[in-house]
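Presented below is the structure to which this report refers.
Labels run A, B, C and D following the written order; every chain starts at residue 1.
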Amino acid sequence: MKLNRRHFIATASAAALASPAIIGRALAADGIKFVSILDQSNGLDIYGKPMVDTTRMAVDEINAAGGLLGRPIDLKVYDPQSSIQLYTQFATQAAAGDRADVVHAGITSASREAIRPTFSRFQVLYFYNVLYEGGVCDINNFCTGSTPAQTVEKLVPYTMNKWGKKVYIIAADYNYGQITAQWVQKYVRDNGGDPVATEFFPLDVTNFGPTIKKIQQARPDMVMSALVGGAHVSFYRQYAAAGMNASIPIASTTFGVGNEHKLISAEEGNGMICAYSYFEEIDNAANKAFVKRFRDRLGADAPALNELAARAYEGAYIWAEAVKQAGTAERMAVIEALRSGVHYDGPSGRVQIEPRTNHANQNVYLAELKDQSFQILETYENQPPTDTLLVCDLVKDPSQSTFKFENGLKAAGIDI
Amino acid sequence: MKQAETVLEARNLSMHFGGVRAVDGVDFTLSENELRCLIGPNGAGKSTFFKCLTGQLRPTAGEVLIRDVNVTGREPHEIGALGVGIKTQVPNVFEGLTTEENIWISARRWHRPARARTLTAETVERLRLGDVRSDPVGQLAHGQRQWVELGMVVAAEPWLVLLDEPAAGMTHEETVRTAELIQEINSTATLIVVEHDMQFIRMISRKVTLFHEGGILMEDTMEAISADARARQIYLGHRA
Amino acid sequence: MDLVVSLALQILYGMANLALISLGLAIVFGMMRVINLAHGEFLMLGGYTVVVATNNGVNIWIAMLVLAPLVVGVIGVVVERLLIRWLYGRMIDTLLATWGLSLLCIGLVTSLFGASTATTISPPLGVITIGAYTSSGYEMFLIVVTALLLLAGYAALKLTPLGLVARGTMQNAEMSSALGVSTPRIYMITFGLGAAVTGLAGGLLAPITGVLPTIGAVYIAKAFITVISGGMAILTGTASASVLLGGVNGIVAFLTGPTIGEVALLVAAIVLLRLMPRGITGTFFRKGL
Amino acid sequence: MRLPRDLRGTLVIAALGSGFMLVAPEVLAFFTIITLSQVIGLAILALSLALVWGFGGILCFGQTAFFGLGAYAYAVAATNIGGSTGAIPIAILVAAAFAAVLGYFIFYGRVSDVYLAIITLTVALILYSLTRRTSGPEYKIGNALLGGFNGTTAPPLNIPGDPQAVLFPEHTFYVAMIALIAAYVFCSWLVRTHFGRVCIAIRENETRAELLAYDIRLYKLGIFMIGAALAGLGGVFFSVGVSRVTPDVFSLSQAAVAIIWVIVGGRGTLIGPVLATFALHYLTASLGTQSILNTNLVLGIVLIIFVLLVPKGVVPTLADLVELRRQRRIARLRERWLRARRPHTGR
């Protein structure tokens, strides 16, 4: 009796564990397999949800236009729930279980570094479509987001000219924030300024009172923020509540990519300056059509669009272009095609893969926040990822698969 | 009674709770092989005194010596380790374990596995718990639970046994049987028994210590105490 | 000098903030020995109430001071009736059930309002200037509200019949049930009251921290630690623990940085519990409320 | 619950587990096998908590502190040594040593019940905050970069003595499975020893155990350390499975799910929490692959239904049902027997 029961449990659990594989295989019968792994719950969902929306839109559009090479794209979306452990699990599932042709995945650098080795090991093409600190040098990994040399390098001199040379840096306490803060320090010094202080905040900090007092004590000309996630939005509110936004202005390398400008009021946000490779407010026909399609698709619930959401869309299209050019979805052929100068003219303008880094040459826009929307002040066209170019040359040595900035910029030989 | 060695001594023992002097400067001695009863009305301090002896309470002042070892403020397990068997007022048994297991845990503290097993079996027989040997103690009747606890005390083969109200809540037959057991234990061990069931004390008593208002009022045989006017007044109140 | 005054106010706000987020949990824990793991989500629901109400044209003060406690209080009563009351005396099961409840709340709110909500409320009351330094007037308002809340609690415990029962329960739960107090009803009211206070706190904090479905996770651990450090006495416990932990956190965070500030708070709590395993009010202020 | 007696049941389960280990790579998809390695790490964590809480009566809300320390210690040691062989015992020792210090603090300070739960949880949260603080390149132990929020790389297992001979995922699965079975048999054996039985007795009644001259602080410290060592071992396999350790191992939700596994599986059993880990992990993971229902919503409802309808946990409830049926059958048999013996009167 006992034996039977236990046996039943063991078989039941084995069967249960096996079933996602069965389902996975059934779904992915003959289409090209496209897997997306992006956080749609817990903390990082403010970034992930719009990205999933635009990814679905891109795939649906491609399928509606007849698919790729006459085959439909089978999209599978996993929600790793802001957990690194689930990221690695789904990455393995996508690579070994679903045998995906391409995976677009990861928001934080933490998640990217957790899953990147999995895709190299299983030889599955990997796209990372998020703005980040730069430095990934991996033949199998295409990083389409903007990097500090493309955005921060423009943002720092612009805002220093406008506001002054004393810069107070606040950043999220993980490697994006740490490395971005070093880039900011470098660019501030390069432009003859003084990074008076740098402070890091764990992602769950919500009380910024003591820091605001320290900023008042230090009296900088401007604050440069690389804060990340839902909890950090409270900095901007508390800063405004203390009347600080009237006296010391803020520039940011992250504000807006989680649609933060819609979370705080117009008065709290007015005057902030940011630089990204996409803003919803970009004034060109392609973007207007893109925004309209997105709104029509999602109706009243449509979130605002930002670089992450737009690049998730464009990332899917760049890959599709490469597949068309290669005439196959096979990994090496697609990598070849991507590195041969494939480009996509999307809502942000032209995005083209730069073969030495597998990053993207892209347009960068600098904008000021006014009444919850960004007014574009400057446009810098076709910017190369010069930061990653300093440390990475995949043309010379295509066998690389490393993150060059893991130990900081100094360790990578870059003077701060 | 011949002059015997002192095995337990309390010197000027006091236990105060805030302003309440539950035990106040008590001097007490116990000789080897004695069977001593501590009596007194509720709040007289006998249970507090008992808890100071067993290490459950740390006395405010004074000291406790067991065979000339100063055990004042020691942990209960250290006192137990001297070979002292203790039964508390509230039944303290392992509710979820069976009768046998309860007693085994006690026997195994002092003996190798084989001896612990035979000792457990003997103790179960001795306490007539054979019918319930495999029942969880939590399901037993109150009297039986008291016996299981007594069994745990006995199975450790202590030389000094301290019992707080061993017959509380028992039926008459059970009380009689408990009295027999206590006398049996006394053949190998010295005992202190805290009780207020006079009938029970008459069954077992040799020498009785009467507590009153945190101190010892008198120390004598039960007959003498029953005959004493002050003791009667304390016990029977205004009716004396 | 300006800095000292301004910083002192900031630290005072840190203390008030801790007390505010912990009080509702303390009421439920002190009176019912129930650990509510959904406490952070009750705060979140308070915040959402304010956001939804103001977006529909309700005055922000009415939304924060009336609607938030009312809505979350009602939710609390419903939760008590449907869930908690089956679990009295099973502390661990309550832990599991309220954890489930917390996930449920996050899921429900995410499904209803999306992962991020457009909160367009900003902290009212402007700016207070102290010499060269400025502080948020709203933060000062929160300090006052917290003080008033504690005073009101004190008065309620001292003067109302429920307060009498509550005092009895805090001292000895068995005794008050032996006295024939109808505990089920008291429990329902207590849980509702704790939820209402939590809702109020969540509502009041919404303008300054914003609300997200997952914001509860930010508060729960801190509220927990404050309540346990404080001990069984609801008001003195919460107040004393908030002063101590908030003070340590504020000063260390100013001197070093926010992370070390957080760590200092946690270490202070551990040292405190080592010295006083029953919390502050288990050792001091034993007669406190 | 009575004291566990012989090891027959344990050996049956161990045999079933071994069978599963041998069959799984043949039957299950490759990625499932890879994923299983990390779930096995979590299952060992659940087992350690089942031992410490279910049998030792110590509600250690922060059991993940030891789990995480084991994971970090393994990652750091393996990176520095350049192989997993020495790193595994180091991980176990670090977890146990930390438990020795913390346990001394707790048990000799007579901290108990809810306060113990909160102190252990607070310790886990301190480790969470501290490890998240280590983002900068200056936080390095030997060659291992701690990496703050990003975490640090956990090297794969290798054949002892040969750091280059890295194990394949199937082999890692075998090793993890053997470790789980061994840990399970060890725990089953432990609760049958004198030490284990005294720990159960202490859980049942501390005062009585003390009066029987057992130093309960020592026993509690002992089982706490053994539990921590096991949790550390779990951390090793988890980090190997994920190939990374992040501060999330110390997070509040990780601590809470460990408790949930034990409650769902049933306190006072060892196999229950292990099975619950597999089941709940499967549920969480499969919810993540769909996007119709919110994951948290479903998990929340499942937990609430569980606590209301199956409060004892699955395994004890099933055991009760089996016992009830057995008793009914015996009663039926006895009745039939009595009826048969009864002389035919009346009709």
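Just so it is clear, contacts are C-beta pairs under 8 Å (C-beta built on N, C-alpha and C of every residue); 3 or more make two chains touch, one makes a residue touch a chain.
Quick caveat, the model's predicted, so the values are computed rather than measured.
Asks: What's the overlap between the neighbours of chain A and those of chain C?
Replies: Looking at chain C and chain A together, the chains touching each of them are D.
Asks: If you take the mean of the Cα atoms for each chain, which one ends up farthest from chain A?
Replies: Of all chains, B has its centre farthest from that of chain A.
Asks: Write down the chain pair with more C-beta contact pairs when B-D is set against C-D.
Replies: The comparison resolves to C-D.
Asks: Report the inter-centroid distance (CA atoms only) between chain B and chain D in whole Å.
Replies: 42
Asks: Distance from the CA centroid of chain B to that of chain C, rounded to the nearest Å?
Replies: The separation of the two C-alpha centroids amounts to 49 Å.
Asks: Any idea how many Å lie between the Cα centroids of chain C and chain D?
Replies: That gives a centre separation of 33 Å.
Asks: Distance between chain A and chain B based on Cα centroids, please, to the nearest Å.
Replies: Once rounded, the distance between the two centres reads 74 Å.
Asks: Residues touching two or more other chains, restricted to chain A: which are they?
Replies: Only 40-42, 173, 200, 202 qualify.
Asks: What parts of chain B, by residue number, touch at least two of the other chains?
Replies: none
Asks: Please set out, as single numbers or ranges, the residues of chain C touching at least two other chains.
Replies: Expected reply: 106-107, 110, 217, 259, 262.
Asks: Name the touching chain pairs, would you?
Replies: Touch list across chains, by label: A-C, A-D, B-D, C-D.
Asks: Chain C touches which residues of chain D in the complex?
Replies: 59, 105, 109-112, 114-115, 118-119, 121-123, 125-126, 129-130, 132-133, 252-253, 256, 259-260, 263, 294-304, 306-308, 311
Asks: For the complex, which residues does chain D have touching chain B?
Replies: 1-3, 194, 197-198, 200-201, 204-205, 207-216
Asks: Enumerate the contact residues on chain C facing chain D in the complex.
Replies: So the residues of chain C in touch with chain D come to 35, 37, 83, 86-87, 90-93, 95-97, 99-108, 110-111, 217, 220-221, 224-225, 228, 259-260, 262-263, 266-267, 269-270, 273-274, 277-279.
Asks: Quick one: in the complex, what on chain D touches chain A?
Replies: Residues 9, 12-13, 16-17, 19-20, 23-24, 27-32, 34-36, 38, 129, 132-133, 135-137, 145, 147-151, 238, 241-244, 246, 248, 271, 275, 278-279, 282, 284-289, 291, 294-296, 318, 322, 326.
Asks: What does chain B use to touch chain D in their complex?
Replies: Residues 54, 56, 75-81, 86-88, 92-98, 101, 104-106, 108-109, 113, 136, 149, 152, 156.
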